[in-house]
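Order of writing sets the chain letters: A, B and C. Residues in each chain are counted from 1.
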Amino acid sequence: MAYDRRIALAKDGPSLSRLVLGIWRLLDGDDKPDADSVARLIAAALDLGMTSFDHADIYGNYEVEAAFGAGFRRWAGRRESVELITKCDIMLKSANRPANRVKHYDTSAAHIAASVDRSLLNLNIDYIDILLLHRPDPLMDAGETAEALARLVKSGKIRAVGVSNFTPSQIDLLASRLPFPIVTNQIEMSVLHTDPLADGSLDHSQRLGYAPMIWSPLGGGGLFTGSGSREQAVRTALSTVGDEIGEKDISAIALAWLLRHPARLVPVLGSLKPDRMAGMVRALDIVLDRQQWFAILEASEGREVA
Amino acid sequence: MAYDRRIALAKDGPSLSRLVLGIWRLLDGDDKPDADSVARLIAAALDLGMTSFDHADIYGNYEVEAAFGAGFRRWAGRRESVELITKCDIMLKSANRPANRVKHYDTSAAHIAASVDRSLLNLNIDYIDILLLHRPDPLMDAGETAEALARLVKSGKIRAVGVSNFTPSQIDLLASRLPFPIVTNQIEMSVLHTDPLADGSLDHSQRLGYAPMIWSPLGGGGLFTGSGSREQAVRTALSTVGDEIGEKDISAIALAWLLRHPARLVPVLGSLKPDRMAGMVRALDIVLDRQQWFAILEASEGREVA
Amino acid sequence: MAYDRRIALAKDGPSLSRLVLGIWRLLDGDDKPDADSVARLIAAALDLGMTSFDHADIYGNYEVEAAFGAGFRRWAGRRESVELITKCDIMLKSANRPANRVKHYDTSAAHIAASVDRSLLNLNIDYIDILLLHRPDPLMDAGETAEALARLVKSGKIRAVGVSNFTPSQIDLLASRLPFPIVTNQIEMSVLHTDPLADGSLDHSQRLGYAPMIWSPLGGGGLFTGSGSREQAVRTALSTVGDEIGEKDISAIALAWLLRHPARLVPVLGSLKPDRMAGMVRALDIVLDRQQWFAILEASEGREVA
C-alpha cells in the first residue's frame, strides 16, 4: 500500500504533488545558486514526483522568488507541468522595503494586487496556482480582501486561494465573503508539534474538505539534533518504527506519520538537497498502522492517550 | 415541583431515565457479583425508576459487559423496559487484548463493527440502544466512521449514535457525515468540575438540542472526602442548601445542581449500592432556585460571578 | 478623511452615534448631579454629536437610571433624537435589592420583563432602543430568554436586542432561538486589552455583520497613570503617533486605534466631563495608517507580529 502521488486540495480545487518542495531556504547558503543550479533543482524535484513549489514574497528577504524565477526560465519545461504557490501580506522591515517602519500585515486590496503582480514578474510566470494569505491580519476587512482575491482569480493571475496560519474562526470569516472555496490552510505540524490534532484545525479542514498544507513537517531540525526529552523520545519512537518496517531515515517515518492522518495533510519539505529529498519521498510508500502512529504520538506528548 | 423521570435525548431521539446507572465499577469489589446479584441490582435500579444502564466495552478490563449480560439474562425482564448504552474505540493494553501494544483509539469501520458484535454477545442482547464513541480519535476518518455507524443503525444492531468527551468542533465534524443526529455527548461535569459551563460544550448541546450525559457527576468521591479548599467550600455550600430544603444527603443536592441546568443534563451514577442509589434519586424532587445554584457555583469557583 | 458620525449596528439594525456616552459613573462623584446638570450633560453630548447613551439597571447601585431619567425629562428634547441602551441580568447584593443573597445572573423571562419595566420607569421613556443581556448566564434557557426578548420587541418596549461579554458560542446559542438578529455584543477592548483580536470575537461579529460596542475603550485609566511596562510602552507609542499627526490627547489616538478596525467598533466613553469628551470626539477625524496601528499593537503586546 502507498499514498497517491497527487492530491486534490479541495473539491474542484487544484491538484498538487503529495509532497511539496518549500523554496524558502533557496538563498540561505553561502553560495547563492545561479539559474542553472535552480533549473537542476527543479528537474530533480520533478524526477522525484514533486511538481509543486511553495514560495512567499518575503522569502530570502524578498529575493527568493526572483532567484527561482530565473532558474524556472532556464529550466524551460512546460508551465502546466508544475504548480507554483506563493503568499502575501507579511510586511517585513527590510532594506528591500524601506517604507516598512514596523513589521506588520497588509490584506488591503491594493497590497494584495501589487504583491501578486510582483510575484508574477519575479517568478517569470503569468499565473500563480495558489495564492495564500500568509498570516491572519487583525485588520483584515473580509469584504475588501475577498473582493480583491476574487478579482485576481477572475483575471487569471491566480487560480485558487488559500490561507496560512489561520484559525477556523478566521477561515469562516474570509470564506463568508468569497465566491469560491478556500483550498488550503498552511499550518505548522509535525511529530514535535501536535497542537493541530486538538485545536480544531484538522476538524475544520476535514469537515469542509480542504487539505491542509504543513510547514515545518519535520519540526525544524530539532528532530535530528534536539537534546530535549521530547526530541529524544520521539527520535527513539521513530527509530523503533523504522526498525519494524526497514526504513533507516527517520524523516521518512516522521512524514509518514503526517500522511497517515485522514485530513489529508500535504507536507512542505524544507530541504533542497536531492539526497535528502529522495529519502523523504520514500514516506509515500510507508503506511503506518494505528499502533505505530499512536506510539509516536505517545512519545511526543509524553503520556498515554486518555 | 420535580423533574420528569424520563428524558428524550434529542428530537426523535431515544428516551432514557433521567438518572442513568453507570456499570463501570461492577467488578471493582473483592467479591465479584454472580448473575443472581446482578439481576437483583437491575431490579433494584428499576424499582428506583432507573431503566438506563451505561456500559463500555473496556469496563472492568473488558469483563463488565459479560458479567452484566449474565445477570441481565437471569433477570429475565422485557428487553424494551430498559435501555442499554455502550461505547467503543478505546484500545487498552490488557491481557484480554494482547494485540494492543500501545494504548490507542480506533474508530475504523472494522473495529466499530467488531466491537458492537462483541458487546451484543456479552450483554446477551440483540440491539444496543445507544452506541457512543468513547473518546475523540485524532485519526478519525469522519466519512468512514459515519458510514460504519449508519450501517449499524440500518442493520438494527444499534438504535442511536452518541459520542463522549468530544468538543463541539469534533461533534460538528462527525455530524457533517451522519444521516441522523448525534443524540448525546457524555462529558465530565460536577460541582467540582464546572468547565463545561464555559467551554462551549453546553452552548453547543443546547443549541443543537441533544442532552449531554454526565460522567463523574459527584466529582469522583472528592466531594465527600476531599480536604482541599475547593472540596470543603463546596461541601459547606451543599450542606447549607441541604439545610434550607431539608435534605441531608449532599449527593442529592450535587445532582440537583446538575439537573437544574437548561441543557438537560443526564447524570450517570457510579454507585451500585441500593441505599446510595435511593438517596441520589431524591435529586429528582429537588429544584434549586437560582441563588442556591449560584451559591454552589461561587463556592466551587472560589469567587463571585463577574 | 474621517469616520461617519453615525453607524448602523447591523443590517436593518438601529443606528447609534459612532461614539456612545457611558453613564455608569454618573453618581460616582461626591456631588450627585441634579436634574438640571444631567440635562446640561445630555445637551453637551448632543452638541458633540453623541446621541447615544449607555446604561444598565445596576449602574450606581441601581440608581443611575433614575437620576438620568430625571435629567432626561428636564432636558425635554425629542425622544427620537437620542438612543438609550440599557442592560439587565446581573443581580447585585445591594441594599436596593435585599432579596439578593448571592451575586448571580438572571435571564429568566420574569426577570427580564420586570427589569425592562423598571428601566422604562426610571429613565422616563416608553421604549428602550437596545436592551443588552449584561453577562452570559450559565443558566440561560435560550428558548425562554429568546421568547421573552421577542415579546418585548413585539410590545414596543424595546426596539432591538444585544448582548454583552458573550462568546461567539453563547451568541450562536441565543441567536438560534431569536426571530431577529442580535445587533451588538458589548465587549471590553482597548490598546491595553487586545484579546478580542485573537479570541474570535471580532471574526464572529465581522462575519455576521453586527458592530461590537466597546467598554473600557481607554483601558480604565491605566493608560494615563499606569506605571507598568505595558502601559508605558503604549503611552509612548500613542504619543509618537500623536506627534506625527499633531494630536496631543492620547485618548483620541487610543480611540482612533479602535475605530480603525474593520469590525466597526463603537466605543462607549466613560468620562462625563465636557472637555474630556470634546478631546475624545476628535478621534473621529483621525484615521491611522496601518503602520501606526501596528506600532501601537506592537507596543501593547511587547513583541512584533509573527
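Just so it is clear, a contact is a pair of C-beta atoms (placed from the backbone, for glycine too) under 8 Å apart; a residue touches a chain by one contact, two chains touch by 3 or more.
The UniProt protein names, listed by chain, are A, B, C = Predicted oxidoreductase.
Keep in mind that what you see is a predicted model, and the values were worked out from it rather than measured.
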Once you draw an edge for every pair of touching chains, what topology comes out, line, ring, star, complete or other?
complete
Since chain A (Predicted oxidoreductase) and chain B (Predicted oxidoreductase) are copies that touch, just let me know if over half of their interface numbering is common to both, same, or not, different.
different
What is the distance in Å between the mean C-alpha positions of chain A (Predicted oxidoreductase) and chain B (Predicted oxidoreductase)?
42
If you look at chain A (Predicted oxidoreductase), which of its residues touch at least two other chains?
none
Listed in rising order, the residues of chain B (Predicted oxidoreductase) that touch chain C (Predicted oxidoreductase) in the complex are 168, 197-198, 200, 202-204, 206-207, 260-262, 290-291, 293-295, 297-298, 304-306
In the complex, chain B (Predicted oxidoreductase) residues that touch chain A (Predicted oxidoreductase):
100-106, 108, 135, 138-142, 144, 165, 167, 169-170, 172-173, 176
